Structure formats: C-alpha cells, structure tokens
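Next up: the structures, one after another.
Shared chain: chain A. Partners: chain B in the first complex, chain C in the second.
== the complex of A and B ==
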C-alpha cells in the first residue's frame, strides 16, 4: 500500500475520529500531510469503487479494498477545497493521482487534514507498517498480508 | 458483510424515530427524535461496526457500503 500523500507517517490511533483511531472499518496507517497543495494518489492498482471529494475507495483485483480519507470531518466541507482527478469506475495504477487538495486550507478551517489509509475489513495483524516518519506520496506505507 | 437496512431502522428506534439519515463514506449520520430509543446492541447485531452518539445525533459505522445502506433505508422509510 503506497502513501497517498507526502508528510509524516503516523498510527491510525493519531486520527481524531474514533472510526479510524479505534479501527472500526479496519487497520491501517495515516499520514499527517505537509501543509502544501498536493495530489492524493491511489495506494494500489485497481478500480475506484467510491469517490467523494474528500475520500475514495480502490478495490484491487484480489477484491480487497483500501480507503483513503482526507482529513477529519471534511465531509462537512461539501467538496470545497477538493478536486477529483478521476471518476468512479476508473481503473487506476498504484500511484495515480485521484484527488487534488490543499491540507493547509483544511487546517486553516479548523479541521485536521490527517489522511487515513485503511485496509477495509482486514484483521489488525494483517497490516505491517513499512514507513515511519517522513514519507512521500507513492512511497511504501504498509504491507497487507 | 453488509449491514441489514431493516434491522438498522429497528435499532434506531423505528422509522418514526428517524428525523434524518445521511451517508458518509464509512458511516450513517442520523438524527433521531429520542436517543433513548436507540439500541446499540441491536445496531451491532444488524452489522454495524460501531455506534457513536452525541445528543440526538447517532453515527452508525457500517463501512464503505454506507451510501447503499442509506438508500435502502430511505426506500423503506420513505
């Protein structure tokens, strides 16, 4: 699973939303993004099955889905500050940009821009972190056994 | 496993208790008339991964099928 954004890799427990910090939809990792405009990329090759301005799900050929969620409570922004670069149903390569956004603008609005990357419905022990500290978009983030 | 729309309605206290229901990518954000009628155990049995409540706003975590489930619920409760 590749890091969707450039920043600092942190545990999901650092995401101030219990859905992610308590692993309610699956284990994973998060990236505290650099406060510069960027493009969130797909962690895996597959099909975009869900695409909201602030979040997307890509399902690989093995049927496993990865959720990328940009920021906390960002659904409340109604898409403002996010620009989709792909469409639902598109097949994408790993590392392909999916959403353009500006983490600094999210933070300026009083919300956390932390980016959660979740192995949907995986067992906690199936996920192994491959990054700690600084990561660039497209770097390895975690392994899903 | 997808959560069961009918069972979620029952767990939220029935159709008449639901003021509004809105899907996010991992959860249903619902507003209920009477939070005391919400049955967390029933919601979990219906397939919810978790339930978070603050006042009359109840968030039911159902995973990325939230939009489909919200549509099913709206079809049932009109």
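== the complex of A and C ==
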C-alpha cells in the first residue's frame, strides 16, 4: 500500500472520527498531510469502484479493496476543494493521482485534513510494516499480508 | 426469503459511518444477507468493500434480503440503519 499523500504517517487512532479511530471500517494507517496543495494517489493498482470528491475505493486484481478518505467530516464540503482526476470504473496504476485537493484549505475551514488509508474486510493482524514519520505520496505506507 | 426496501437518507449515502455500522450489524448476524442498489446485482452485506462499492447515494433505494434464523430481526435493524439521516 502506497501513501496517497505527502505528510506524516500516524496511526488510525489519531483520526478524530471513531469510524476510523476505532477501526470500524478496517485496519490501516493515516497520513497527516503537509499543508500544501497536492494530489492524492492510488495506494494500489486496480479499478476505482467508488469515487466521491473526498474519498475513493480501489480494488486490486486480487479482489482486495482499499479506502482512501481525505479529511474528517469533509463530506460536508459538498466536493468544494476537491477535484477528481479520474472516474469511477477507471483502471489506475499504483501511484496514479486520483483527486487534487488542498489540505491547508480544509484545515482553514476548521476540519482535520488527515487522510485515512483502510484495508477493507481485512483482519487487524493482516496489516504490517506500518510506516512512521515523514512519507511522500507514493512511498510504502503499510503491507497487507 | 425476507426483504426490506429502504430509501437511503444519509448525506453521504451508504458511505463510511453508515456503511461501517450496516456491515458490522450484518456480519454479527447468522443469516446470509445481501444488499442491492435498486434492482441491481445483490452483494454480500457482510463485506465493507462490497457495500462501499455499491456506491449507494442519498435518495437511492436499497433492497436488503436475508434468509435463515433471525432474518426478520436483522433486516429490521439494517433497514433502520440504511434509512437513518
């Protein structure tokens, strides 16, 4: 799983939304993004099966899916500040930009821009080799065994 | 097979929070449970990936079906979750 955005890797428990911090969606990792405009990239190669302005799901050829969720309560923005760079049904390479956004603008609006990356339908133990500290978009973020 | 048809009212559709709650309840129940968007292909309601990939938006109708012991009870719970604003 590649980091979708550049910033600092943090545990999902640091995401100020219990859906992610309590692992209700699944295990994974989060990235506190640098406060500069950037592009969120796909963590894996596969098909985009869901694309909202602030979140997307990519399914690999092995059938496993990963959710990238940009910011907390960002659904309330109604897509403002997010620009899709791909479409639902597109096949993407790992590292391919999917959404352009500006974490600083999200933070300025009083919301956390933290980016959660979740292994869907995975057991917690399946997620290993968690990155720590600074990561760049496209760097290894964690392994899904 | 028991069935419920529900209009999704959540702002995000059946996305992060409602989807996670829906799947958690479904996965904790004994019956086989499927969910479909309208008259589309039913998917496993116990899979968060399958439910997210359905791409259910606000105003969409979902059809939830279950078969087995406790089907009616779990369908009532799932229908409430899916219809919650």
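As a convention for this text, the second predicted complex is superposed on the first by the 143 of 145 C-alpha atoms of A that agree within 3 Å, B and C clash if a C-alpha of one lies under 4 Å from a C-alpha of the other, contacts with A are read in each partner's own complex, and residues count from 1 in each chain.
Note that a residue touches a chain if its C-beta (ideal position, glycine included) is under 8 Å from a C-beta of that chain, and two chains touch if they have at least 3 such contacts.
Please read all numbers here as calculations on a predicted model, not as lab measurements.
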item	value
Chain B versus chain C as contact partner of A:3, first or second or both or neither	neither
First (chain B), second (chain C), both or neither touched by A:15	neither
Winner by number of chain A residues touched, once chain B and chain C are compared	C
Partner chain(s) touched by A:88 [first = chain B, second = chain C, both, neither]	second
First (chain B), second (chain C), both or neither touched by A:58	neither
Touching partner for A:24 - first (chain B), second (chain C), both, neither	both
Common interface residues of chain A - those touching chain B in one complex and chain C in the other	19, 24-25, 49-50, 52, 55, 57, 65, 67, 69, 75, 120-121
Of chain A, residues touching chain B in the complex	18-19, 22, 24-25, 49-50, 52, 55, 57, 65, 67, 69, 75, 120-121
Residues on chain C engaged by chain A in the complex (per definition of touch)	11-12, 15-17, 19-21, 24, 47-49, 52-53, 55
Residues of chain A defined as touching chain C within the complex	17, 19-20, 24-26, 49-50, 52, 55, 57, 59, 64-65, 67, 69, 75-76, 88, 120-121
Touching residues (chain side chain B, partner chain A) in the complex	24-27, 49-50, 52, 59, 61, 63-64, 67
